[in-house]
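Each of the next two complexes has subunit A plus one more chain, namely subunit B in the first and subunit C in the second.
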Partner chain A sequence: MKPGRTQLARALGAYPTLLRVGLSEVVAYRAEFVVWILTTNMPFVMLAIWHAVASDGPVGRFGRGDFVAYYLGGWIIRLLTSTWMVWELSTAIRDGSLSSRLLRPIHPLFAFSAEHLAALPMRLLVVSPVMVVLLASAGRRLAIFDPIFDPRVAAIFLASLVGAWLLIFFTMVLLGSLAFFLESALGVFELWLALHSILSGYLIPQEFLPGWLAAVARRSPFDSMLAFPLETLLGLRDVHVALGDLAVQWTWVGAMVAAGLAVFERGVRRYMAFGG
Partner chain B sequence: MEYPSPVVEVVALAKTYQVHRRPPGLWPALRSVFHRPTEAVMAVRGLSFRIAPGERVGFLGPNGAGKTTTLKMLAGLLHPTSGQVTVAGAVPFRREAAFLKQITLVMGQKQQLLWDLPPAETYAMNRAIYDIPRAEAEATIRDLAALLEVEELLGRPTRQLSLGERMKCELIAALLHRPRVLFLDEPTIGLDVSMQAKMREFIRHYNEAFGAAVLLTSHYMDDVTALCPRVIVIDHGQLVYDGDLKALVRRIRPDKRLAVRTATPVDRAHLAALGTVVLHDGLQVVLSVAPERLNSTIQALLQTLPVADLAIEDPPLEEVMRELFQEVRTASATAATAATPATAAKQVG
Partner chain C sequence: MASVGAMQYRADFWLKGLMSLVWTGVALVPLVSVFHQRATVRGWTFPEALVVVGCFSFMKGVLEGAISPSLTSVVEHVRKGTLDFLLLKPVDAQFLVSTAKFEPWRVMDLVGALGVFGIAFTRLGHPPPWRGVLLAAALLLVATLVLYSLWILVVSASFWVVKVDNLSYLFGSLFDAGRWPISVFRGALWFAFTFVFPLALMTTYPAMALLGRLGPAVALGALGGGVVFAALSRAVWRRALGYYTSASS
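Moving on to the complex of A and B:
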C-alpha cells in the first residue's frame, strides 16, 4: 500500500480506474443498454400528441417548435441524469451481492457512482443523433442560442445538470436502501416514478398542470430533477429565477445526500448478507 | 488456548435474526399484510475463541450451526447482537479501511469477479481500490497466477471460465492486497478432487509465505484434515470443541483403521476375528482396531493373510464429527430433562 495518503485521496485516486472498468462493463452490456434507452420513449409519444394539438395555434407559451424543443430536450436531460441505482442497490441488498462491495476499503456508494458516471459517454453517443435533430429543428428556441446570450444561463444550466444527477442518484440510493427494511422497496419506487412523471415536467410542462398542482410541482424536489434544467435550457426561466432555483436545487441535493447516506448506513446495520 | 497477541479475538459473541414467519396459503398471505409475526432465531450464542497470527483453523459444524454467520461478523458484514469481536486490532463492523485492507472473506458460493469482464479487470479495480503500487500488484498477480496455473485465463471473460477456474481467479482477487487474515467459507465447494487438492496446496502456501491466519469452513473434511492442525467446532451456535484436531479424533474415535489390499479374496469370518470389519469388498478390506491391539493385529494379518498392501489410518473425520454431534445432543437432552423448564432457544416476538 502507498503510505501517507488519506482515505479520500485514495478513493479519488481509484476513481479513474473505477470509471474505466465501469465503461468496460457498459460496453459489455451495450445491447441491454440500448434496449433500455429505447424503452424511455414516453416523451416522443407526448411530443406527437402536443404537436398535433398545437397545429391550430400555440398552447399557452408553447408553439409546435417549442414542444419539439421541450420534449427532445427533456428526453436528453433525463437520459444524462437518470440512474438505475434503485434496481441495482435493492437487488444487491436482497441477494447479498452487496457483501463484496462492503468488504472493499472504499465506500460502496462511491464505487456505485463511478459505475453510473461511466455510462455517460455511451449515453452521449446514443443521444447525440437526437441532439442534432433538436438543434436542427428547434435550435433557435434554446437559450444558449438567444441573440442576447447571457453566459450565466449556460453556467446555471451546466450546474443544474450536475445537481440533477446528484439529486436523482441519492434519491435512488434512498429508495434502494429501503430494501434493507422493506420487502417491496421497488413498490415505493414505482410510486416515486409516477409522481416524478407528473411533477417534474416529464410528461407535460408544469405550467399546464392545474394551478395548485403546478405550485406543488415547483416547490418539490422533482422540479430540480428535470423542469428546472430543461426550462433554463429553453429560456423559460429568466436568469434571476434560475439562479434562485439553482440555490434551491443544491439545497435539495444537500438534503438528499444526507438522507440517502443516513438511510444507507442505518440499513447496513440491519444487513443480513444473505447467501454464501 | 492462550496467545500473546491474537489476530482474532471473539468474546461471548451472539447473533439473533428476526425472521418473518407465515404458513403457506392465501389467508396467511393476506393476514401478513396487517400483522407480520416475527421470530427471533439465535444463530450464534456466546461464542468465544482466539486465533494467533499465522494459525490455520478449521471451523466446523453441521448446516445451520452458525459458521457463516460468525464469519460474516468477523469480516464486518454483520453487526453482532452482543459480545465483542476484534480482528487485526479493529472492530469489524465499523468497516474501517485499515481493517478491510487486512482481511479477506472468500465465499465459495459468492463471487466478486466482474461477470462479463476478464478477471484482469477485477484485479485492476482492486489494485486501485486497495491502493497497491502497480509493480507490486503485477508481481502478486504473476506469482499467484503461476501457482494456480491460470496465467492464460486472466484475459478471458469470467462467464466463460469453468467453476474451478473461476474459483482460482476469485482467490487471486481476494488475496491481491495480501491480507493478514483469511476467512474462507467453503472455498472448494463444487470443485473436483484434483482442483480441491490444488486449492489446499495454494492456501497452505499463502499461509506459510505471508504468515496469514486462516479460518476455514468446509464440508470436505479432507480440506480440514490437510490444512488445519486446530479445529473450532460449533453446533446450534455454541462452541462444542476448540483444540487440536488429532486430539479430538483420539478422544472421539480412538480406534485405528487398517486398510488392507489382499492378493486373493479372504473369508469374512477370518477378518472378524482380527477386528471390526468396516469394509470387505473383493480384495479391499478395512478393519477397525483398538490402538493397544494395533501391533498384534498387524502381525496376525501379515502372518495369516495374503497381504499385498497395508496402511494405518485415522477414522474419517466425517465419522468423528457425526459422533461428536451425537454426543453433544445426547448430553443436551439429558441436561434439559434434568433441569427445570429449559430456557427457550427461540422466542416468539
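Moving on to the complex of A and C:
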C-alpha cells in the first residue's frame, strides 16, 4: 500500500471520533453558539422591509408569502452551509497553536472539517422550528412539494447543499491561510463578507439588484454559495437551469479546493521556516 | 493618548478608512434596490430614507470609533482580572475604561455620512431648516449617550457572565437595522427598536428633525428618555462593579 493511501485510511478511521469531539465542544459552548445564531438576524430585518414594500401588491415575481419563503429558506441554508473557519485558522496561525495541530498524524484541515460538520446536528436543532414555520406558511411554494414532483429537483437541491458547504469551507481555508502572509487577513475577510451579503442573495434576491449588479451576482461564485440552492428549492430556477448551475457550482468547488489547498500548503512551508 | 497610539500606523489609517467608505457604499445597495421597486415605502421617499442612512453612518462611526474599542477592552480586563490596575487609580473607573482606546480611521464614516447627507438634500432640492439641524444635533448627542449606556450595560453583564465578546457582534448586527426608517417595522420589531434597543432615537428621529417633520412631543420624550436611561445604566455599572472579583482576591 502506498503511504498516501494509508494516511487517508487512517484519517477516515479517526473521523467518527473527531465528529464526537466536535459535537461535545459545541454542546459545551452552547451559550456562545446561540449568540452567534442571533447575530444572523439580518434576513429577518430584510424580510420585514420587503413585507412593508409588498403590502400594496407583489414585487416582480415575489408576493408577501414568497418573501417569507425566500428569507427563511435562505437563513436555514446559510446556517447549514457556513463555517467560522476563518477566525479559527487565522488565530491558530497567529498565536502558533497551529503547530500542535500540524504535529498530529491527521491533516489539520481534515480535523477542522470534522469540527464544523459536528456542529451540524446542533444547527439543525436550532433551525428546525424555523423549518416548521417555513413549511407551515410557505410549504406549497417550495419546488420539492410541487404537485408534479420532480425527483431531479430534490437531488439537485441536496447536491447543491453539499457543493455550497465545500465551496464555503475551502474559500474560508483560502482566506484564513492569508494570515500566513498578511497582517490584515481578517480585513480581506470583511471585504469578502460584504460582497457575499450583496451578491449571494443573502440580503436581497438577485433579481432586485440594479441590472448590471444582478448580472455580476449571477455569474459570481457567490451565486453557487446561496442563491443557487435557495432558488432551486423555491422553484425559481427550473430543472434545466438548475442542472447547468450545478455543473458551474462543482467547477467552482474544484477550483476552490485546489486553490485553498495550494495556499494552505505554501503557507505551512513558510510557517515552518519561522517556527524553527 | 489613545488616538495618538492608533495614528502611528498611517497606512492602516488610510486602508481602514477606505474600508469604512466601501462599507457605507455597500450599505446603500439594499436601499437602492428597495426604492427601485417602489417610489415610497411607508411614507418615506428615497432621498428622505437617505437622510436616515446618513444618521446611521454617523452613529456607526461614533459607535465603532469611540465606544466599542474601549469597552471591548474592559471585557478583556474583567476576564483576566487586570481591572484592578484601573480601579486603583484616583479617577472614576467608568471614565477611564471608556476613554482607553479610539479608532481614528472611523472619521471616514463621518465623511461618508456628510456625503450621504449632501446627496440626499441635493435631491430634495432644499437645505435642512436650521432649527432642524440644531434639534438633530441634540438628538444625535443624546443618541450617543444612549448607545454608550447600552454598551455599559453589556459590559456590566461581563461581571456576571464572563464571555461576552461575541455579545458585541450581536450588538453590531442589531445596530445594522438602524439604517431603515423605523416606520417600516411593525409590531414586535417596532416596539423593540423604539423602546428596548432605541434605534428610532439614534437614526430615524434625528433624520425627521433634519427633514423638519419631528413633533415637539416626540423630541422632548426622546431627549428626556435618553438622559434617564443613561442615569440608569450608570447605577447598574456601579452595582456590577461590586460583583467584580479580581485576580488576587
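What we mean here is this: the second predicted complex is superposed on the first by the 266 of 276 C-alpha atoms of A that agree within 3 Å, B and C clash if a C-alpha of one lies under 4 Å from a C-alpha of the other, contacts with A are read in each partner's own complex, and residues count from 1 in each chain.
The rule is short, and it goes like this: contacts are C-beta pairs under 8 Å (C-beta built on N, C-alpha and C of every residue); 3 or more make two chains touch, one makes a residue touch a chain.
Predicted model only: the values in this text are computed from it and were never measured.
In the superposition on chain A, contact of A:A262 is made with neither subunit B nor subunit C. Legend: residue contacts after superposition of the two complexes on their common chain; A:R10 is shown touching subunit B, with no touch to subunit C. Once the two complexes are overlaid on the shared chain, A:V132 sits clear of subunit B and of subunit C alike. When the two structures are aligned on the shared chain, A:L158 is found in touch with neither subunit B nor subunit C.
Contacts of A:V59 after superposition on the shared chain: subunit C is touched, whereas subunit B is not. When both complexes are overlaid on chain A, the residue A:L18 reaches subunit B alone and has no touch with subunit C.
According to the touch criterion, subunit A has no shared surface contacted by subunit B in one complex and subunit C in the other. Subunit A makes touch with subunit B in their complex at residues 1-2, 5, 7, 10, 13-14, 16-18, 20-21, 24-25, 28-29, 96-97, 99-100, 102-106, 111, 269, 271-273, 275-276. By the touch criterion given at the top, residues 17, 68, 72, 75-79, 93, 95, 97-98, 100-101, 103-105, 107-112, 114, 116-117, 121, 124-133, 157, 177, 185 of subunit B touch subunit A in their complex. Residues 12, 15-16, 19, 22-23, 26, 29-30, 32-34, 36-38, 41-42, 161, 163, 166-167, 169-170, 172-174, 176-177, 180, 184-186, 189 of subunit C are the ones that touch subunit A when the two sit in their complex. Residue ranges of subunit A in contact with subunit C, taken from their complex: 31-32, 35-36, 38-42, 45-46, 48-50, 52-53, 56, 59-60, 184, 187, 190-191, 194, 197-198, 203-204, 208-210, 213.
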